[in-house]
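What follows is a group of structures, each given as structure tokens.
One chain, chain A, appears in both complexes that follow, with chain B as partner in the first and chain C in the second.
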Partner chain A sequence: MSAAAARAGWTLVALAALVAPVPLGNYGLHLLVLVCMYVALSSSWNILTLAGQLTLGHAGFFGVGAYTSALLALRLGVPFWAGMGAGAVAAAALAGVIGLVCLRLRGVYLAIATLSLVEALKIVVLNVPDVTEGSIGITLSPVFAGARRPAYYVMLAVAALPVLATVWIKRSKLHVILGAIREDEGAAQMAGINTTAYKVFAFALSAAFAGLAGGFYPHYITYIVPDTAFSIGLSIEAQIMPILGGLYTVAGPVVGAVVLTLAGEYLRTRFGAANLLVYGVVMVLAILCLPGGLVGLARRWRAPFRVRRAEQPQEGVADVR
Partner chain B sequence: MRELRAVMGAALLALAAMSWGAGPAVAAEDEIRIGAVWGLTGPTAGVSQEGRRGMEMAQELINRKGVLGKKIRVIFEDDKADPAVGVSATEKLITQDKVVAFVGGVGSTICNAMLGAFEKYNPRPIGVLTGCGATTIEQRFGKERGYFFVHPWEYYYQSTMRDFLLSLTPRPQTVFIAHEDRLYGTSHAKMADEYFKEAGFKVVAREGFKSGAPDLTPLLTRAKGMNPDVFYWIAYGADAILITKQGKELGFNPRLYASTVQLGTQEYRDAVGLDNAEAFVGITVWEPNADFAASREWPDLLPSTRDWVREYTARYKREPHYYSIMSYVALVAAAKGIEAAGSLDREKVVAAIEKINTMSPMGPLKFSPSKFAVNHAFKQMMIFQWQKGQKALLFPRDTATGAVRYPFPPWTPR
Partner chain C sequence: MSAAMLAQVTANGLSLAGLYALVAVGLTLVFGVMRILNFAHGEFVMIGAYLTYWLFALWGVDPLLSFALVLALMALLGALVQVTLVTRVLAAPHLNQILLTFGIAVTLQNLALLLWTGDLRAIKVWYASTALSVAGVSLSLGRTVGILIAATLTVGLYLLLFRTEYGRALRAVAQDPDAALVMGIPIQRVYVLAMAIGAAYAGAAGVVASVSMFTYPLLGFLFGLKAFCVVILGGLGSVFGAVLASLFLGLVESFVGTLIPQGGSWAEAISFIVLLLVLLVRPRGILGLE
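Up next is the complex of A and B:
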């Protein structure tokens, strides 16, 4: 397919996203808002993996964004859009500080640090109730008086940003640099790349988008407590979605978020209390049978047999080249 | 381009998924649909299943005669204890299932999100709600006439405990308050601190701890050092077991050990043993050994406590939880309101529920104003004490089934 055809295709997807809410009621719109929220989380998490880094605490940045935005609204009456921006900045700043310390090292240090970060942030929020309202939580007025359609467009814009950022990275020399760091950090350093600076940049960018999504959440749900803002489950979902969709790709996190959010809701309504069991089995089978994710599966179907065989061992990094 | 195909495939899936809610097989006008959002999976699954059982039993009994010539159908939705999922469930029930009212539920976080989602509808759905105990909810949503709250607010727990402590002879002077550090424990502890001080008790400390912590000896050692008359804690079942066992190990022997409802489970008694549970005091919304008479108006649906417990135990082969009876009574109240209104007109149904004034197996069923809410029922809590493996009701006096064992007996010999 030509680049023009690809552009036309992406334009079609964008148009579909814009007109999707037209026939939907509040239930469908709410699901679309959740889909967009998870697209933002999974795509932003995926940005850091382009540099070969792993964070297990993405919910920490989501929560920082949520609390920054909620507290600004509660204490100073700051409108939600400004709070979202502040949430993104706060999350990026936190990631920058943590990254400067942890990303000088290789290996699993960042993963361990971010895993504990979520719990640490939760404890901090719980223990300064005079500032954060602690475990009582923060109640806010619903954004757009509870109307779902404008909320969807806001979340769609939030979801589009990390996707567009990934496209930008992939078209710039940053893609080559991050790929080099991921494949062999030592060699990248030998080539004169300041690997720490690039990793910190990717980490802060990734956190900023999570913070942005978090900044909208309390205004939409109208109530947050530390347990929901800093939920380990949210971190796990942010990781599983790109893995299922296809790591290191633009489309993978989007596909993963759409499929898993809607499949989760479908199973919840169809299987009652057994929904998590079915969801778990489907997830295990999908990860075992689709090492390149759903995007990898699409590639396999398209590729001639001999090419497919040749590509198989490098499926996870196929898109980097 | 292949990635694009995957995105388009996902988009098609999204569109297909949007159409899954084809709705129940029976038309909305042929039945009366009630929405029930419970955390059927996740951390509140145990209590939610208890609530679900209560509602299923009520549904079956109500449908023996029906309401306005139709069957009631409760549509259960799982909120997974996640507010965002709770909102999904709420929106589905309103827009696709066209429920007449919401009944049941557990957890103030979910309740807050759910009632937040109600706000944009005009008229707002009717709710006979069992899961909203936080006063933040009372303050935010209590003014809405169509919301009927049947879970006691936090302050009823603490005012009942305060009154019980005042009734003891000799009267205790000092109280150590320990609480788990999330919404439930912190909010209750703050309230208890306020109420106890107002009543003239000296609160020697108010300390938070992490629920589920493997060791609470530092907390208990500090408490023992302060030698309070009452050690009062607000936490969950596992914490109650640990506090009992470690309190014994440390020889911590205040004049009274008191806690909230989680102390009253059979699991607690079995985990610590009959001897160790002896003389521990707890607050409860309701106990199966309460003794309320049958309703004069609707004895078939609201029998005496004894008859209701017998029926429930025969059906489910287990002792009812207070959430079982609370959700049962809530559904009966909604059904009777609809019946008395003679239609599904919201204003008429709300007015009819407001007029209910009868006895129920949970106690007097009547909605009246609370501190901030317009319609609230079951304001009276009960104090129980473990005595020889059974829970004796001590307070209020008119529902008492035993006398208090006070002060707390030595750990050994027992």
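Up next is the complex of A and C:
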């Protein structure tokens, strides 16, 4: 895709996102807020994969943001926007600490640690009810007195930030550095790159955006319990969306989030809890058959026949810019 | 803490450790041979538990009798997963391997939830509730049998690895797949064998779990978390290390559960803290190779 076409495409998406809430009713607006929240989660999860690492517990950082923000509002009356900032900082700090421990090492350690982290966090929140209200959860008064339009614009901004951050990474020196770490960490180290520092940075950035989204969520939904803040389902959704849309790309996580949030909503109303089963199957099939995701598929389809072979991503190492 | 109580808590810890070891040795064997951490390993435990439960509930087959059948079926499932799915990502980046096995886990977990609901299911056999008392320490007969099964199978795996030609092939591929290939070892078949053994051992853990606790769709997820902690503590790829680490984690959980008020509810947090400490202090685990 040429740069001009891409810019035109993104401008259209931005315009559509800005005017979309005008004709919609309450349910439509709620769906749009959810779409934005999932764009935030999937784009932020995707940032870490740029460095060749992944978390299996993105909900942990969402939940830390949610609880930080909700507790600040409940105990100290902190306004939602300050709570969101605090949530992002708390999530980034947690990621920083875990990253410093796990990302010194190569391999699967971070994936394991983050999977386990979510359960550990849930247990901490459940077991210290004096501080966190435990399983009863926290109830907050609705932000903007329940008006959905302003809430949508806040969530839209929350969704735009990780997308813009990905664009920034792709345009800066970071693109090359993270790509080098992803392709061959040993070689990157030999080239004088402090790979641990860059991986931890990507992890903390990714967590901060999840924490920001989490920070707004309880103010919007007005209610937070450990099971929704630290849900396995949320972690799975944050992964499956970029995988389906196209890993390592800017558009992939956005496309995946829009498609799967709307499809997921349909599945939920139609089949109950079966949507996670569908996500599992989609995850397996996408990894095996669709390495570039929907975005990669569209690119391959658009490419002229002659260059199609050359543009085909090698299995799994798709760096489709 | 009195001596009798100390013995009791130790016995409880051993019973947990036996289960953890059954789950973890298969996981670490598969990793050692294939360098892939199977995130669906815990789900194999869950399926083994459900197989045992349904054989008992539908046809009244005693878990002790269905044991061999469940092991064989699970080995078949493991081989099937290997041949149809995992083999396709052997050369792919880490990220894809993790996401594929995690996707399998999500699928199996939610399939179980859909087919068999989230109800807690228990097998009521006479030996599950009969207590065995020795010198003031009481443990249900079911749990005692569980410990014995775990010990027997662990020794069995040791014999398989170090006394048979199959074991030699498994160890050779774990050490150096290229050299093993040059020596004429059919690597792909060794991978299938490793996965089949891993799944069968997970299935054995499922049988023991279905008798000594409840069967439900998330059972495997929680066992998986413990097993990941155990294999890292023991050293990724080290079977003997996994056994030692299981003993350690089982005993720690049992003692924390008794000594600290409501300590039992902290179990998942304990394994997470152990995991982080190991990665911080000694990332290659007790017996892992650098």
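Note that in this section the second predicted complex is superposed on the first by the 282 of 321 C-alpha atoms of A that agree within 3 Å, B and C clash if a C-alpha of one lies under 4 Å from a C-alpha of the other, contacts with A are read in each partner's own complex, and residues count from 1 in each chain.
One rule holds for everything that comes next: a contact is a pair of C-beta atoms (placed from the backbone, for glycine too) under 8 Å apart; a residue touches a chain by one contact, two chains touch by 3 or more.
No experiment lies behind these values; they were computed from the predicted model shown.
Peer 1: Touch test for A:Val200: chain B only (first), chain C only (second), both, or neither?
Peer 2: Neither partner.
Peer 1: Going by the contact rule set out at the top, does A:Leu260 touch chain B (first), chain C (second), both, or neither?
Peer 2: Touch status of A:Leu260: no partner.
Peer 1: Could you look at A:Arg299 and tell me whether it touches chain B, chain C, both or neither (first, second, both, neither)?
Peer 2: So A:Arg299 only meets chain B here.
Peer 1: Check whether A:Ala92 is in contact with chain B, with chain C, with both or with neither, and answer first, second, both or neither.
Peer 2: Neither chain B nor chain C is touched by A:Ala92.
Peer 1: Quick check for you: in the superposed arrangement, does A:Cys36 touch first (chain B), second (chain C), both or neither?
Peer 2: Neither chain B nor chain C is touched by A:Cys36.
Peer 1: Tell me which partner touches more residues of chain A in the superposed arrangement, chain B or chain C.
Peer 2: Ranking chain B and chain C by residues of chain A touched puts B first.
Peer 1: Looking at A:Val143 after the superposition, I want to know if it touches chain B, chain C, both of them or none. Which is it: first, second, both, neither?
Peer 2: neither
Peer 1: Looking at the overlay, does A:Gly246 come into contact with chain B only (first), chain C only (second), both, or neither?
Peer 2: A:Gly246 contacts chain B only, not chain C.
Peer 1: Give one of first, second, both or neither to describe whether A:Thr49 is in contact with chain B, with chain C, with both, or with none.
Peer 2: second
Peer 1: For A:Tyr109, decide between first (touching chain B), second (touching chain C), both and neither.
Peer 2: second
Peer 1: Quick check on my understanding: which residues of chain A belong to both its chain B contact set and its chain C contact set?
Peer 2: The answer is residues 126-127, 273, 276 of chain A.
Peer 1: Given the complex with chain A, which residues does chain C contribute to the contact?
Peer 2: 37, 39, 85, 88-89, 91-96, 98-100, 102-111, 113-114, 221-222, 225, 228-229, 232, 262, 265-266, 268-269, 271-273, 275-276, 279-280, 283
Peer 1: If you look only at chain A, which of its residues touch chain B in the complex?
Peer 2: Where chain A meets chain B, its residues are 1, 5-6, 9-10, 12-13, 16-17, 20, 24-28, 30-32, 34-35, 37, 126-127, 129, 134-137, 139, 142, 145-147, 221-223, 225-228, 231, 233, 245-246, 249-252, 254-255, 258-259, 262-263, 265-266, 268-270, 272-273, 275-276, 294-295, 298-299, 302, 319.
Peer 1: Inside the complex, what are the residues of chain A that reach chain C?
Peer 2: On the chain A side, the touching residues are 49, 52-54, 56, 98, 101-102, 104-105, 107-109, 111-113, 115-117, 119-120, 122-124, 126-127, 182, 232, 236, 239, 243, 247, 273-274, 276-277, 279-281, 283-284, 287-288, 291, 315-317.
Peer 1: Residue numbers of chain B touching chain A in their complex, please.
Peer 2: By the definition above, chain B touches chain A via 1-11, 13-15, 17-18, 20-21, 40-41, 45, 49, 76-78, 80, 82-85, 87-89, 91-92, 94-96, 109, 112-113, 116-117, 119-120, 134, 136, 140, 181-187.
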